[in-house]
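Below you'll find the structure I mean.
Think of it as A, B, C, D, E and F in the order they're written, each chain with its own count starting at 1.
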Amino acid sequence: MRGFYIGRFQPYHNGHHTVVEEIATEVDELVLGIGSAGDSHTDHDPFTAGERIMMITRAVREFERANDLVTYVVPIEDLNRNSVWVSHVQSMSPTFDVAYSNNPLVIQLFEEAGIEVRQSKMFDRERLEGSDIREAMIEGDAWRERVPDAVVETIEEVHGVQRIRTVAKDDVVERWEVGDEE
Amino acid sequence: MRGFYIGRFQPYHNGHHTVVEEIATEVDELVLGIGSAGDSHTDHDPFTAGERIMMITRAVREFERANDLVTYVVPIEDLNRNSVWVSHVQSMSPTFDVAYSNNPLVIQLFEEAGIEVRQSKMFDRERLEGSDIREAMIEGDAWRERVPDAVVETIEEVHGVQRIRTVAKDDVVERWEVGDEE
Amino acid sequence: MRGFYIGRFQPYHNGHHTVVEEIATEVDELVLGIGSAGDSHTDHDPFTAGERIMMITRAVREFERANDLVTYVVPIEDLNRNSVWVSHVQSMSPTFDVAYSNNPLVIQLFEEAGIEVRQSKMFDRERLEGSDIREAMIEGDAWRERVPDAVVETIEEVHGVQRIRTVAKDDVVERWEVGDEE
Amino acid sequence: MRGFYIGRFQPYHNGHHTVVEEIATEVDELVLGIGSAGDSHTDHDPFTAGERIMMITRAVREFERANDLVTYVVPIEDLNRNSVWVSHVQSMSPTFDVAYSNNPLVIQLFEEAGIEVRQSKMFDRERLEGSDIREAMIEGDAWRERVPDAVVETIEEVHGVQRIRTVAKDDVVERWEVGDEE
Amino acid sequence: MRGFYIGRFQPYHNGHHTVVEEIATEVDELVLGIGSAGDSHTDHDPFTAGERIMMITRAVREFERANDLVTYVVPIEDLNRNSVWVSHVQSMSPTFDVAYSNNPLVIQLFEEAGIEVRQSKMFDRERLEGSDIREAMIEGDAWRERVPDAVVETIEEVHGVQRIRTVAKDDVVERWEVGDEE
Amino acid sequence: MRGFYIGRFQPYHNGHHTVVEEIATEVDELVLGIGSAGDSHTDHDPFTAGERIMMITRAVREFERANDLVTYVVPIEDLNRNSVWVSHVQSMSPTFDVAYSNNPLVIQLFEEAGIEVRQSKMFDRERLEGSDIREAMIEGDAWRERVPDAVVETIEEVHGVQRIRTVAKDDVVERWEVGDEE
């Protein structure tokens, strides 16, 4: 059986990792869909799709070996149209039998399309982990122990902490956008 | 004479219905433009364009018979560029002689393009009706008597109340988007 | 039962009209989807969506009365992505039980999505009618008797023959595009 | 040497003008990139790209003569994808040797692409000038002495103050968008 | 009086230059709109918008001095929707009183919008000059004497001849596109 | 060292497979970029990105084991703008040191961006293999021995031969598009 698990993974952290470990007990193959793949260089979405592919591929390798899990890591760009989102995901991903999510919109869209969705309290507990970790990077607090080692490695390679700190500066006044020089 | 009346119609309610009845005394034909036609499945825009076409077509049928009014129901997708919005509307709609709106931006754009716009206190009174009705659906309060019967029928056919309740859950924490699993 | 019949309708002609008449014997309600709704002002797609809405709405009125057929005329903009086309159509249209088409791509896409498609030899016979009529307009040959009266009326209101002749001039050398001044 | 200075210029004001004067002492040629070129008719972005081209071209003429500075005024539409923004700018602009900006995101993107960025306290001081001037236009306060004469001229030609006042009305309740009739 | 003259300018050549000289006798100010501004690196559209801005700005400088002509050089990206093209151009350009074009589609669109268009036999004579010059670059034939000196300068700075020769290689078999590795 | 090899892979065939085997002798890790990821259901691009991910992932597994090669399979959607294509690829892919391609446009774009490109006669020999195989599927000729076993498996799972035959029917008259019912 093949499962589908989607997230923005900004960054991929221990919460995601535990979820993948749990899912690995239920499926033979797992597609990890990287949502909002085109977004990067903001404090909400600091990392590019390519960087997130690196993080995840390296991190899930341990489950591939330990659990004999086959994984696919697939970036999925936004189409900004909820009514075609399920079709878009299905065209970009290997076919799957079940989707894993606690996001209410994702659940609603999959269920209207007749696709089974499995939820877990586990997912929810990790709900705000991502923004906490990004905040810690910006503030200079500890974050390395909250993500798999492979993720630390990727973030350091791309100077990710320096990047998120720079682009987060605009928070002081109001949200800057490109061209927002006034 | 043909008039043009635009709204998001999320959903089409008694306020809209009264406005259409009023306009029907001034024009022979009326185009009802469904704005943001590509948006759906959010608490702000729960219904698809197709669902809104159903609501409106069924509801205005009574004016077609009673007032001998000819109506056109036309979904209009956003181009996200104000400077070409009037041209876009004109290309998607049968030609019209006068536009009805109390939306300041719509008024400004039509008037810069030399199109007559008629306003009415009536429109304004109904201004917040739409969000109130969506809120009532989410909270389990009464909403059925605030929309034409044909709209109740459509919303029930598509399980609209269940949908808006599910997608509105994300309000608890912060706005969820597709892929927002963290 | 509600049917869905899609075409570009450039313009809506007697071939389409016969097909609608045939479909009217099988369904209670019919959605006429106007494909490539955003295209206009070329020799392949001379008329805007708004102009095509006018043609069709006026022409099918006779079936509404004679056959007690309820019709919906719905412009559908291209998303240029076959894999989400069915979802897009479904979101823009009232729900339907069966689709009518002889276009192989449309048939394939609907059938992969599990939607019943009905074909008819009739459709095919009319296959090239549209381009023949456009050619006749350009060449000054007879075209009025090949479309319903309501379509003649709409085309004359918008000076459609003059328009298609002007934009077709570029065929002499090579295809012009906007900005193709060299 | 050629420099590149980007802003939204809504409108171009004395703060920008002082910055250009300062840059003029360092470069022979200067590209003024107009960001968010497709946005207009909102209280945040009232003026079209064409209107902003007029303002800037007229205003910088004095530096062209006094400092023998060659200027290029280039509208740049948003692609809404930070990772390709530098390439987009480079393709739309004459090549440049150095970029001028205090916007943290712009700085980060240019620096990741290996382009030299120069900052200045001057830029920052003028940071909020644009929104102050737009506020003054809306409130009926003095704004003419805060922009170059050529900018006053352009704004009056296009009835800019009336426009921003009309579209700003929607602030009273909530942000209106096109089609936001409810 | 201000005129508007649009072309793709791939490259700007002596034919364009003669047209501008002719227009300069009729107007005080001239906007040169660079069409298909987002296209580059093909044999049909080899040069970026930035490169074309350089060519034109440098070349028309002589008319600015000799004829006291004020010029604006404005890149205009395609929206791929004829029905809004005029509005798009108007929003990106300083306002203009008359358009100059021999392109039938451009003429039709401007005239439907009520804008005066002036044609000239001159324009037509130069009609195919652009593709001839690109062909000469690819084949190694003489092209330098067919464009203003300033254009030679720009093309050599960007190694334009090498570029067009490389990207034209795909003509041997069939049209390559990015990713067309098979 | 990490390499990048891009193709449309419609389908992934023995020619590609030999190229990957060759590249595997030069790099430790290889990114296989799936170009035109959003295209599907045409005779030129029959398979979705998800289907191509399945084909490639299964097929290259043998090199992963035999050559200890690490692979990444990354769908890349078209942005239709050559000037930002390299940045787009870089943002969607793990960083790479060298690109492999014989496509002249790809070579030109990477080289203008300062990225090393390696070519090989091998690539060229396989140049037309893809369209030959698609033709064989349509005509009912032998194709299974021209692709890796894993690709046969994927194509049969999705009924790929039936699909390409259906959508290719439109070739008889002229190219059909969605909505091309006339």
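The definition used in the following text is that a contact is a pair of C-beta atoms (placed from the backbone, for glycine too) under 8 Å apart; a residue touches a chain by one contact, two chains touch by 3 or more.
Since the structure is predicted, the reported quantities are computational estimates derived from the model, not experimental observations.
Participant: What chains touch chain D and also chain F?
Facilitator: Common contact partners of chain D and chain F, which must touch each of the two, are A, E.
Participant: Sharing more than half its contact pairs with B-C, counted by residue number, which one of D-E, A-C or D-F qualifies?
Facilitator: Same contacts by residue number as B-C, out of D-E, A-C or D-F: D-E.
Participant: Between copies chain D and chain E, are the contact residues mostly the same numbers or mostly different, with half as the line?
Facilitator: same
Participant: Which chain pair is joined by more contacting C-beta pairs, B-E or A-F?
Facilitator: Of A-F and B-E, more C-beta pairs in contact link A-F.
Participant: When the centre of a chain is set as the mean of its C-alpha atoms, what distance in Å lies between chain C and chain D?
Facilitator: That gives a centre separation of 45 Å.
Participant: Indicate the whole-number Å distance between the mean C-alpha point of chain A and the mean C-alpha point of chain D.
Facilitator: Those two chain centres are 35 Å apart.
Participant: What parts of chain D, by residue number, touch at least two of the other chains?
Facilitator: Residues 38, 40, 48, 81, 83, 90-91 of chain D touch two or more partner chains.
Participant: Is the way these chains touch best called a line, a ring, a star, complete, or other?
Facilitator: Shape of the chain contacts: other, as it matches none of the listed patterns.
Participant: Which of the chains are touching one another, listed as pairs?
Facilitator: All touching pairs, sorted by chain label, are A-B, A-C, A-D, A-F, B-C, B-D, B-E, C-E, C-F, D-E, D-F, E-F.
Participant: Within their complex, state which residues of chain F touch chain D.
Facilitator: 79, 81, 83-84, 86-88, 90-91
Participant: Can you list the chain E residues touching chain F in their complex?
Facilitator: Those residues of chain E that touch chain F are 38-42, 48, 163, 166-170, 173, 176-182.
Participant: Using the touch definition up top, name the residues of chain F that touch chain E in the complex.
Facilitator: So the residues of chain F in touch with chain E come to 5-8, 10, 15, 33, 35-36, 76, 78, 81-83, 85, 101-109, 112, 123, 126-131.
Participant: Inside the complex, what are the residues of chain F that reach chain A?
Facilitator: The touching residues are 37-38, 40, 48-51, 53-54, 57, 72-75, 77, 90-95.
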